[in-house]
Amino acid sequence: MNGVTNLQLDDIIERALAEDAPWGDITSETFLPESARARASLAAREPGVFSGGEVFARVFALVDPATTVELLAEDGQAFAARAILAEIAGSARSVLLAERVALNLTQRMTGIATLTARYVTAVEGTRARIVDTRKTMPGLRILDRHAVRSGGGHNHRFSLSDAVLAKDNHLAVLEASGLDLGTAIRSARARLGHNVHLEVEVDRIEQIEPVVAAGVDTIMLDNFTPDQLREGVAIVAGRALVEASGGVELDTVAAIASTGVDIISIGALTHSVRALDLGLDVTVEP
Amino acid sequence: MNGVTNLQLDDIIERALAEDAPWGDITSETFLPESARARASLAAREPGVFSGGEVFARVFALVDPATTVELLAEDGQAFAARAILAEIAGSARSVLLAERVALNLTQRMTGIATLTARYVTAVEGTRARIVDTRKTMPGLRILDRHAVRSGGGHNHRFSLSDAVLAKDNHLAVLEASGLDLGTAIRSARARLGHNVHLEVEVDRIEQIEPVVAAGVDTIMLDNFTPDQLREGVAIVAGRALVEASGGVELDTVAAIASTGVDIISIGALTHSVRALDLGLDVTVEP
Amino acid sequence: MNGVTNLQLDDIIERALAEDAPWGDITSETFLPESARARASLAAREPGVFSGGEVFARVFALVDPATTVELLAEDGQAFAARAILAEIAGSARSVLLAERVALNLTQRMTGIATLTARYVTAVEGTRARIVDTRKTMPGLRILDRHAVRSGGGHNHRFSLSDAVLAKDNHLAVLEASGLDLGTAIRSARARLGHNVHLEVEVDRIEQIEPVVAAGVDTIMLDNFTPDQLREGVAIVAGRALVEASGGVELDTVAAIASTGVDIISIGALTHSVRALDLGLDVTVEP
Amino acid sequence: MNGVTNLQLDDIIERALAEDAPWGDITSETFLPESARARASLAAREPGVFSGGEVFARVFALVDPATTVELLAEDGQAFAARAILAEIAGSARSVLLAERVALNLTQRMTGIATLTARYVTAVEGTRARIVDTRKTMPGLRILDRHAVRSGGGHNHRFSLSDAVLAKDNHLAVLEASGLDLGTAIRSARARLGHNVHLEVEVDRIEQIEPVVAAGVDTIMLDNFTPDQLREGVAIVAGRALVEASGGVELDTVAAIASTGVDIISIGALTHSVRALDLGLDVTVEP
Amino acid sequence: MNGVTNLQLDDIIERALAEDAPWGDITSETFLPESARARASLAAREPGVFSGGEVFARVFALVDPATTVELLAEDGQAFAARAILAEIAGSARSVLLAERVALNLTQRMTGIATLTARYVTAVEGTRARIVDTRKTMPGLRILDRHAVRSGGGHNHRFSLSDAVLAKDNHLAVLEASGLDLGTAIRSARARLGHNVHLEVEVDRIEQIEPVVAAGVDTIMLDNFTPDQLREGVAIVAGRALVEASGGVELDTVAAIASTGVDIISIGALTHSVRALDLGLDVTVEP
Amino acid sequence: MNGVTNLQLDDIIERALAEDAPWGDITSETFLPESARARASLAAREPGVFSGGEVFARVFALVDPATTVELLAEDGQAFAARAILAEIAGSARSVLLAERVALNLTQRMTGIATLTARYVTAVEGTRARIVDTRKTMPGLRILDRHAVRSGGGHNHRFSLSDAVLAKDNHLAVLEASGLDLGTAIRSARARLGHNVHLEVEVDRIEQIEPVVAAGVDTIMLDNFTPDQLREGVAIVAGRALVEASGGVELDTVAAIASTGVDIISIGALTHSVRALDLGLDVTVEP
């Protein structure tokens, strides 16, 4: 599963299971015979783009290695309402213990992938990429980012540690400290590793030239109108990548993309996720 | 902070910080003087009901104990757009390192509280309580539940371990195993601790009488129409609490509540959260 | 294993093994050939009621997955002195490394089950249940509770989080704060989740009526004599469950049970456990 | 606190608190005003020897750093029934949240110290030391051992890693492998670190001479009668320390000590602990 | 401390302390009065470049918050033999418990900084940067990298996750899979985040042109002679950064740097560290 | 693997993998087909003594259980340059993800074993043992110590907890506290467990007699010349083991050993390790 090692996945799932069953599942333990078997289907109640197949399967395996899960869809695959995305078989107690954690994770991931795909479709034919932000769910960032990729999006930096993004607040501190932005950019470049991407956010047209002249890899134009974006792209003139951010919506993204920007970042991909409606249909064996 | 001890809160925040800054904040380290100071306000961009104040403050304290945070709103308090909810002061590097984690957590919690409050308002004047479900974000359940309470809602069981809720799948397994539901309920009661609540879900009117007769604390009527709910409440006749669940929306909840049910559980309170738009306005000191 | 998921069990055992062999077993490493094989029997040196079979087996599996353990008794099963409860086979080094941790855990659990069973037997024919308390061994509560169930007992609440039990100290704080108990109970009920059990402890006869009238699920009569208990049961008159607690001994429990109480809670089941005498008889293969 | 660093102590307590209040203390949160203050005394209900003072105090500090705990007795100090061992003051909610974990740990430790002291007193005037074994509570060994020292006892090896103790099972494996014990002891000595103590257990008089001749630091005489022990001590003749083990009771330990053995190890000090009866008497402030 | 948050630092130190004192410091506990105070100086036994000051101080603080540490040198500062780098004061037991862990970490970091500084000095006047590799000590990478920066070096990518470096083995797999390198580079670029640096390693002159033409950010010339490097730099002609790697030594690095490469990566900075000779000179107070 | 349990080994490796691939291996994920297979050989680039075979194999197994590793050398075995020490086969992505962590650990361990073996060879024919110190890499002590044993060395105490070593600083505190060393030694012996080794360091000839007379197990002669060591050995006269320490080098160790000391401890075995040059030669399958 790209972007997630199996050890990291297990860590996330084990915490989720400990949270959801800190001292067992008292319903199944009192209502279900230990020997009861169950089959279950992961069924889509609405159309979407799948993400989280390996996560889903791993929850059942960690609860009970004897459970089998067959994935019927790949991450990134579009599906119709009523599609069956996976088949599960195992002890009834184990299947029902794993159900909620598996669904909570997969519904979120599929929700992210589905929304991302809509944005990606909306900008088709332009040079713009749809990318995520750090507005992810604390503790689940590797899954959120994977889901964005499942939907055809790209990832922005993972964290504060792996790429520079100097925002308005940084610029304000610089200014208050009496420091020149161009100098600061050049000084930062000299200190950063050669493989660290340097991006600076501006919110006014006149900031663009000095920032680009100082040598950034990407310039983020925050809350620019399409016209302003078009003007900004012209000023940058290929000297850096151009990222549009701020208030991007499904009905405005095409206009933004048409301005020639390279990247459109959208916090809503991950900060306000509508869980896709997936359910587990359980059938039992006599 | 009700429902969350300080050790548990720290564990959640420390994981989030490790995720968001695994080897420091390279932007601040290269752009900002170590001595730079910042002040920041947590500002509401839209109206809502606050939740997560202590969480917000604790993120800054864990990043840097020298940072001060003054909360200007209490959890559960309604606020207008442009309200200032907290004031922060400290090292600019520390404030900017903590910002995103603090916002990610607080925006989600405030989003949950705000939505919950709308449902609670919608059922005012009825006996119905708005309650959450286990459809929470893996790893953040204690925060999600606190936020529901901030919005005036109540909590359902925390996990599979602390209360019984036998759902359609359990009943199907029982049936396939040739077991009688009434017998199963009585047998479960005999084995469960005396302080364990026993709830059973049914999806047809005719299941109500045998379930209630067998002795449950709550009966969940799943996906019943308001008319069916009213009929169900009459059958139960006070012998158990009645919970309505399934497809509850803001524009249907009042009708559901008017049927006389005691509890209305709503997965969407926590599974599809719109983060409330809160931002950090930073001002720097020269 | 009811009440314990496999992930939680592994966590307990892995900590115990790390404690008991932080850098290996230097005796076996220097005295035993790596190829030596051993067989061992878990033998009872005295009669009792077994508990902890899966725990016992899992210790050996975690030390060395190639070790085999066959359980010859089920949790809850009574056994005679000299009974063989399990057979183990594997590398001699692995068997001897696992031995002490496996015995420490199983002897405690079997000790708890055995004592619990004596109390349960003593109250047979009455309506009273024998239940545990929160006086368990820190870190091992899920095992202590399982052992109580193995002995035929029931569990009280797991923790401070899953049920209310207002004790003398809470009542004293209420009083000092000038608050009325009945009001407090009704207010608590309004705020608690619908599936949270509400229990209040009293230590005087005259406290019973107002508490029951305010609407509790269980009333605990602390340190009442049998006569007082009988009077208390009469006052409650079925409006709540009645729990007797305080200084219950094997030779007084029958009298207490005969008063008609529903629950008898006994801290000594888990706070002062005599480890049952179980030993590992090792035989080696030439 | 000897034998326990503050980081290790915090780890034990934090796990215990997470177990006992996984999502807060719902009783205090619903019954007690957040502003209520409490004072409490740790009172002895029976006489004993104190152990665990720092553990006790640290539980309250970790729950709420604003709580103050004044210890009135030192570890190892004997106290009478009704003695006050500590005074606590703080938020009523915090005090009641910490109470059970603090008592569970301290009552066990004080129980161990008290029993150990009785054994130590019983052998006064002889050369024999009372020592513990590895039959401790999994996860709490550092506390159990500290408590033994509080009672005047000494510690045996901490774990399988820090000293050699070849027992009957090891000897059986050696024999089955066709290896000579004397050779094995000399070979082990050559491989072990120079500061590793080498002890061998025997259960027959005739095993003593070859073992001592091979060069051990301590020889354990397991389940020897006093007469056999006296004979064994004579054979060893100062060439090694002599440890008596097996079935030592309070009424036999003096006779065993009088045989001239150096060490008497007693599993019951820690495997079957009677928690000493300590209680928290809470007084509240109006 | 750049590149290391305080939570991450504590995690490293707490593990180290748990390893070095799993159940206390039995020497100090038996030899030193609890009240004994000590002063200590961190003294250089040889000249070097300091790194790890905050790490050093934090070890003492975590062992005992009452210990004070005054740092007399900053990270990156050169010092002479016999220089005093820090002064410590506190409980003698606490100082001696912290000593070894503090020294083990600081001596390594200072050793890395000192060696790095020698390389950096050797290439002064050229455009070449000295950078580290992933050949760091498992678990201590953030400290190793900080030490490289203290010595005036730069960091390469942190991990496999934050930048691409396709090496000979990747190219071999591509070839075996019948894939074209240029196509693979372009395809990777399309899938990677816009802020991910893309570097490819080649080991033959003729590989350079196609790789650069496909669009990489950096090309690594592995095990090239200075003449080959010079030729390579000419071919690349500014279209990408050029990194020299492989067998760089202190006496060859100047020649390599003079070829015009941008980056020289040296595994030996961190994989074969000579700990700088620092010692703790303790003086005690009567 | 002597001195390391499988649970402890996994913990070390899992941390190392999390550090080296916190969100996957983006190079392999973008450059290599998921189906690509690879074979690899662990090849020695220089001669040495192997250590870490099980560690090496376990890294690959934890990354991907489907990877196979065949070890061709045992820990402690000498090998020539160009020797093949292990063969690996599996998914190309998995092999390349595991490579660096596996090499980082094994190269260090083999470096330690190789250097240790040189010292051991240098003292052959004397009674002296080569032993390590606590100057190990924080977090990796169990591996460092295993590697010393692979090289034919012995281990000193593991930690501050398992043996006493009173050094110059302890003696200075004693003196400042007005305490007599002989009295302190006897008092310590009385308090320590019977299996705790008691060693005292001296740095002047005249300290030897009182220390030995007070009854120590080992006396460490720190920074003595060979002549002084010889004199010291004569004074001790077999009443304790004699350990030489301080500034031992490969060209001085034979002279030191020839003085009759029992133990020579060398911090440089682990504090300044040159990683042995091992590489992974990967071949791919078409």
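All chains are identified by letter, namely A, B, C, D, E and F, in their written order; residue positions are counted from 1 within each chain.
In the analysis below, a residue touches a chain if its C-beta (ideal position, glycine included) is under 8 Å from a C-beta of that chain, and two chains touch if they have at least 3 such contacts.
These figures come from a predicted structure and were not determined experimentally.
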{"item": "Any chain in contact with chain C as well as chain D", "value": "B, F"}
{"item": "Chains touching both chain C and chain E, listed by label", "value": "A, B, D, F"}
{"item": "Per Cα centroids, the chain farthest from chain F", "value": "B"}
{"item": "Classification of the chain D:chain E interface as same or different, half of numbers criterion", "value": "different"}
{"item": "Where chain B and chain C are represented by their mean Cα positions, the distance between them in whole Å", "value": "32"}
{"item": "Chain A and chain F: spacing of chain centres that average the CA atoms, whole Å", "value": "44"}
{"item": "Sequence positions of chain C contacting 2 or more other chains", "value": "3, 21-24, 26, 97, 141, 158, 161-163, 191-192, 196"}
{"item": "Pairwise touch network: line, ring, star, complete, or other", "value": "other"}
{"item": "Pairs of chains found to touch, sorted by chain label", "value": "A-B, A-C, A-E, A-F, B-C, B-D, B-E, C-D, C-F, D-E, D-F, E-F"}
{"item": "Residue ranges of chain B touching chain D (in the complex, touch as defined)", "value": "2-8, 141-142, 145, 158"}
{"item": "Chain A-touching residues of chain E, taken from the complex the two chains share", "value": "3, 129, 131, 154-158, 161-163, 191-197, 199, 217-218, 241, 243, 262-263"}
{"item": "Residue ranges of chain B touching chain E (in the complex, touch as defined)", "value": "14, 17-18, 21-24, 26, 29, 62-64, 97"}
{"item": "Residue ranges of chain D touching chain C (in the complex, touch as defined)", "value": "12, 15-16, 19-28, 30-33, 36, 38, 92, 96-97, 99-101, 103-105, 107-108, 111, 134-141, 159-166, 168-170, 172-179, 184, 187-188, 191-192, 196, 271-275, 280, 282-286"}
